[in-house]
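What follows is a set of structures to go through.
You will see chain A twice below: alongside chain B first, and alongside chain C after that.
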Partner chain A sequence: MIDDIAFWFGYLTNGKHLTWYASFQFTIFAALMGGTLAVVFGLAGATMKNSRFFPLRLLGTIYSSIVRGVPDVLFFLFFPLAFEQGVEWLISTQVCSPAAIAAQTAAWPPCKEANWFLGTTEYLILASVSLGLVYGAFASNVIHGALRSVPAGQLEAARAYGMSPRQVLWRIHIRQMWVYALPGLSNVWMLIIKATSLLSLLQIADIVLWADRLGAPNFLPAVGLVHEDWRWRYYLVLFVFYILVTWLSERAFEAIMRRAGRGMLSEART
Partner chain B sequence: MQGFLNDLAIMAPAVMFNIYFAAASIPIGFVLAIFLALGKASPNPVINRLTRGYIYAFRGSPLFIQFFMFYSLALSLNIALWKPWGISGFVLHPLFMGPLVLILNTAAYTAEIFYGALRAVPRGEVEAARAFGMSPRQQFRHVVWPNLIRLAWPAYTNEVVFLFHATAIVYFALPVIGAQADLMITAKTLVEGDYNAFLHFSVAALYFLTVSLVIFFLFGLVYRRLIRHLPTQPRLRFAPRWLR
Partner chain C sequence: MQEEKPPKAGGSPVVELRDLHKSFGALEVLKGVSFTAREGEVISLIGSSGSGKSTLLRCINMLEVPDRGDVLIDGETIKLRGEGQGRQVADEAQIRRIRSELGMVFQSFNLWAHMTVLQNVMEAPLVVQGRQRAEVEAEARAMLDKVGIGTKCDAYPSQLSGGQQQRAAIARALCINPRVMLFDEPTSALDPELEVEVLRVIKVLADEGRSMVLVTHDMEFARSVSDKVIFLHHGLIEEQGTPGEVFSATKSARLKQFLNAASHG
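Moving on, here comes the complex of A and B:
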C-alpha cells in the first residue's frame, strides 16, 4: 500500500511530468492574452462597423463576418506563418545583397541572412494574437449588438448634460455596454479556452503534446516495458481539466454579471 | 494565376473529405441530439443527470482533445477487442473514427440547441393538444416537434457550419492514410513545399467559404419551408449572432 503510494508519487513527480505541469502556463497565457486581445479587436471591429466612413464600415463588416465562412484553425496556422514571412521579407529588403538572393536555393527566405528564427515565446505571442484576431471577430459582433442595446435615453441624457460625442462614447456608451455584452463575451471566452488546445499545432510543447509523449508506450532497455499505451488516460485528464476550466469560468462570469447588473432591472440582464 | 488554378484543382478532391466528415456525422448527430434534448427535459432523475452530464462534458471540452482521447482509447482496445474480431482496420480508420467523434460532439451542441427550443415551445399549444386527448407520442409528433424544429433551425444552421469548420482538425489528430488528405493537410503540405502561405491557405479558405455559403443557402431554403405558414416571416440572418 505504502509502496504503491510512494511509486505513484514518484512517477507523477518525475522530470517529464513536472515539465508537463509547467507547460500549463502556455495554455493559460494564451487564453488570457488571447481573451484580452479579442476584446481589444472586438472593440475596434465594432467601432469600425459603427463608423460613418463607408470603407471603414465595410472593413469592419468583412472582418466580423469572415469567421462565419472560414475555420479558426486555418487562421491559427496562417497568421503566424504570414507574419513571419512578412517580417522576413522586410529584413530581406535591408540585408540581402543581390548575390545572396541569387545564391539562395530554397524557396524561402529570400536569402539566408533574412531568416528569422521563432522560439516558443514568439510562437506563443503570435498564437495569442491570432486567437485574438479570430475571436475578436466574434467579440466585435457581440459588442456591436451590445452597443445598440444601450437605452437611447441614457445617451440623450449624456448629450443633454453637454458631453461631447467622444465623452458620450467613452463615459456612457461603452461603460453601459458591458452589461449587455457580458453573456456573449462569456461564450467567446469559452471558445477561446477550447481553442487553446490547438497550441501544439504551432510547435509549442503544450499540455497536449506532453500528454502524448508521456502516455506513449514507454520502453526502457534496462527495465523492459515500463507501461503500455496510456495516452487515453492522459487525454482523459486533459478532458476533465478543460471541463473544470469551463465550469470555473461559468461561475466567474455569473459572479461578474451579478456584480455588473446590480441595481438594474432583471430583464435587462438577459 | 496559374498557381491559383492549380491549387483549385489539387484541393477539389481534398474538400470531398471535409464534406464526407460533415455529411456522415450530421444526420446521426441530429437524431442522437433529439433523444439527448428529450433526456435533458425528462423528469426521470437518472436520465436527466446522465444527459446533462454528457452535454456539459462534450460542450465544455475541446473537440481536439476528444479526438485524441477517443482515438487513443480505440488504439488501446485494439489487441483486446478489434484484432480478435478482425475489424481493427475498420475501427481505427480515420474515415470511421472522425465521424464517430464528430457525432458525439455535434450531438451535444445540437441537443443544447434543441433543449432551448423545446423550452420555448408555446405552453398553450401543448395544453390544447392534451385537451384534444392526444397521446404523448402524438403530442410530440404533431405539436412539439414542428414548433421545436422551426425555433431551433437558425441556430442549428449555425451549428452545422461550425461542424463543417470543425472537420478541419480531424486529420491533425488522426493519422493521414496515403493520399486521403483533407483541405487543411493539403494546404499545409503545399505550404511546406514552396512556402507560399498566402496562396495555398487562401484557396483552402475559399473552399471552406464556398461550402459554408452553400450550407447557408440550402438550410435557408428549408427554413423558408418551415416558416411558410407564419404571417410575419422571420428571416434567417447570416450575421454571426449565434455562437457555438
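Moving on, here comes the complex of A and C:
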C-alpha cells in the first residue's frame, strides 16, 4: 500500500509531469491576455463603428464583419507566422547587404542576419494577440449592440449638463453599456477559453501537447512496456480542468454583473 | 392655486430667442418663434401636443439645433454653422460652458441609473464645472434636503418613486447654480398624487425668483407660477401675456378652444 502511494507520488512528480503542470500557465496566460485584448479590441471596434468619421466607421465595420468569419484555427496559424515574416522582411531591408542576400541559400529569410528567432514566450504573446484579434471582433459586435441599448435619455441628460463627448462616452455610455454587454461577453470569454487548446498548433508545449505525450504508450528498451495507451486518462484531467475554469468564470461574471449592475439591475426588474 | 403673481419689473434678458425655425424632415415644427426671458422671470409654454413647445425648449440648450434663427444666453449668441437642417454647433467649448449654466429637468427624469442620487447631483458640478468635492457635497446634500429627499442620498434612482426621482432631478439642476432652469413637462410622467409634491418644489423655486422656462400641460399651475404665458400653436406664438391676460381675457379663438379642452380633459 505505502509502496503503491510512493510509486504513484514519484510517477506523478517526475520531470515530465512537473513540466506538464507548469504548462498550465501558458493556457491561463493566453486566456487572460486574449480575453483582455478582446475587450480592448472590442471597445475600439465598437466605438469606431459608432464614429461620425466615415473611414473609422468603415474600418470598424470591416473588422467586426470580416474577422468574425475567419476560422480561429486559420487566424491562429496565419497571424503569428505572417507577423514573424513581416518583421524579418522589415529587418532585412535594413541589415541585408547584396552580398549576404546572394550568399543565402534558403528561400527565407533573405539573409542570415535578418533571421528573427522566436521562443515559446514570443509565440505565446503572438498567440494571445491573435486570440484577442479574432474574439475582439465578436466582442466589438456585442459591445456595439450594448452601446445602442443604453437609453438615449441618459446620454441626452449628460450632454444637457455640459459634458464633453468624451465624458459622455466614458462616464455614462460605456459605464452603462456593461450591463447589456456582459452576457454576450461571457460567451466570448468561454470561446476564448476553448480556443486556448489550440496553442500546441504553434509548437507551444501546452497542456494538450503534454497530455498527448504523457499518455501515449510508453516503451523503454530496458524495462519493456511501462504503460499502454493512457491518453484518455490525461484528457480526462484536461476535461476536469476546463470544467473547473468554466465554473470559476461563471462565478466571476456573476460578481462583475452585480457590481456593474448596481442601480440598473433592480431597475430592469421593476 | 388660483392667485396670480404680482407683476414683476423686468431684469436683464437671460434667454433670448430670435426667429427660431426648426423642421424634422418635411415636418415644420417651429415657424419663426421669438421671445425673451428676463432675470427672475418664470415663463410657461403651453399648447397642444405637436405645437412645438418641447422642441422650442430644447433649442435653448441646443439639444435641438434650430434651422434658422439665434439663441442668446445672457446676451451671448450661441455660435452655429451650416445651413438649414445641416446646421450644427460651431464652438464646442462655448456650448459646454453655456449648458453648464442651464439646469434642465426632463419629462422622464433621466437620472443616471448607475449613480446614487447624491452622485447624480454632484456629477456635473464636479466633472463639468470642476469644483471642490467637499463644497459640492455639502451643497448637494442641502439641495436634496430642500426638495425633501435628503434621506435618500445613497439610494439609486430605480429605488425611488417617480415623484422622488423628479425631485432628485430638480436638485441636480439646482446644484449647478443655473442661470435659468428649463423644465420639459416635469410632471407628465407622474401619477396625480406624485405630481403635487413636484409642483410644490417648482413653486418654491419660482417664488425665490429663479429664472425658469417651463413647458407644461397643467394650466392651473401655469397660472399660479408664471410671470408670462406663451401659447404655441402649429409652431407659432398664437398668444402671449401675463396669466391674467392669457387665461382670463383670452383673445384668440384657438386658445379659448384649447383652454376649454384642457379644463375638461
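Note that the second predicted complex is superposed on the first by the 262 of 270 C-alpha atoms of A that agree within 3 Å, B and C clash if a C-alpha of one lies under 4 Å from a C-alpha of the other, contacts with A are read in each partner's own complex, and residues count from 1 in each chain.
Here is the rule we go by: a residue touches a chain if its C-beta (ideal position, glycine included) is under 8 Å from a C-beta of that chain, and two chains touch if they have at least 3 such contacts.
Keep in mind that what you see is a predicted model, and the values were worked out from it rather than measured.
After superposition onto chain A, the modelled positions of chain B and chain C are compatible, with room for both. By the document's definition of touching, of the two partners only chain C reaches A:163; chain B does not.
Once the two complexes are laid over each other on the shared chain, residue contacts for A:198 go to chain B alone; chain C is not touched. Within the superposed three-chain model, A:8 lies out of touch with both chain B and chain C [touch as defined at top]. Once the two structures are overlaid on chain A, chain A sits at the apex of an angle of 100° toward chain B and chain C, using CA centres and rounding to a multiple of 10. Touched residues of chain A, counted separately for chain B and chain C, are more numerous for B.
In the superposed model, A:21 makes contact with neither chain B nor chain C.
After overlaying the two complexes on the shared chain, residue contacts for A:219 are found with neither chain B nor chain C. Between chain B and chain C, the minimal CA-CA distance in the chain A superposition rounds to 26 Å.
Shared contact residues of chain A, touching chain B in one structure and chain C in the other, are absent. Those residues of chain A that touch chain B in the shared complex are 64-65, 67-74, 77-78, 81-82, 85, 107-108, 137-138, 141, 145, 184, 187-188, 190-191, 193-198, 201, 208, 211-212, 215, 228-232, 235-236, 238-239, 242-243, 246-247. Against chain C, the residues of chain A that register as touching in their complex are 153-154, 156-164, 167, 171-172, 175-176, 260, 262-264, 266-267, 270.
Residues 61, 63, 92, 95-100, 102, 104, 106, 108, 110-116, 123-124, 127-129, 156-159, 172, 176 of chain C are the ones that touch chain A when the two sit in their complex. By the touch criterion given at the top, residues 56-57, 59-66, 68-69, 72-73, 75-76, 161, 165-166, 168-169, 172, 184, 187-188, 191, 193-198, 201, 204-205, 208-209, 212-213, 238-241, 243-244 of chain B touch chain A in their complex.
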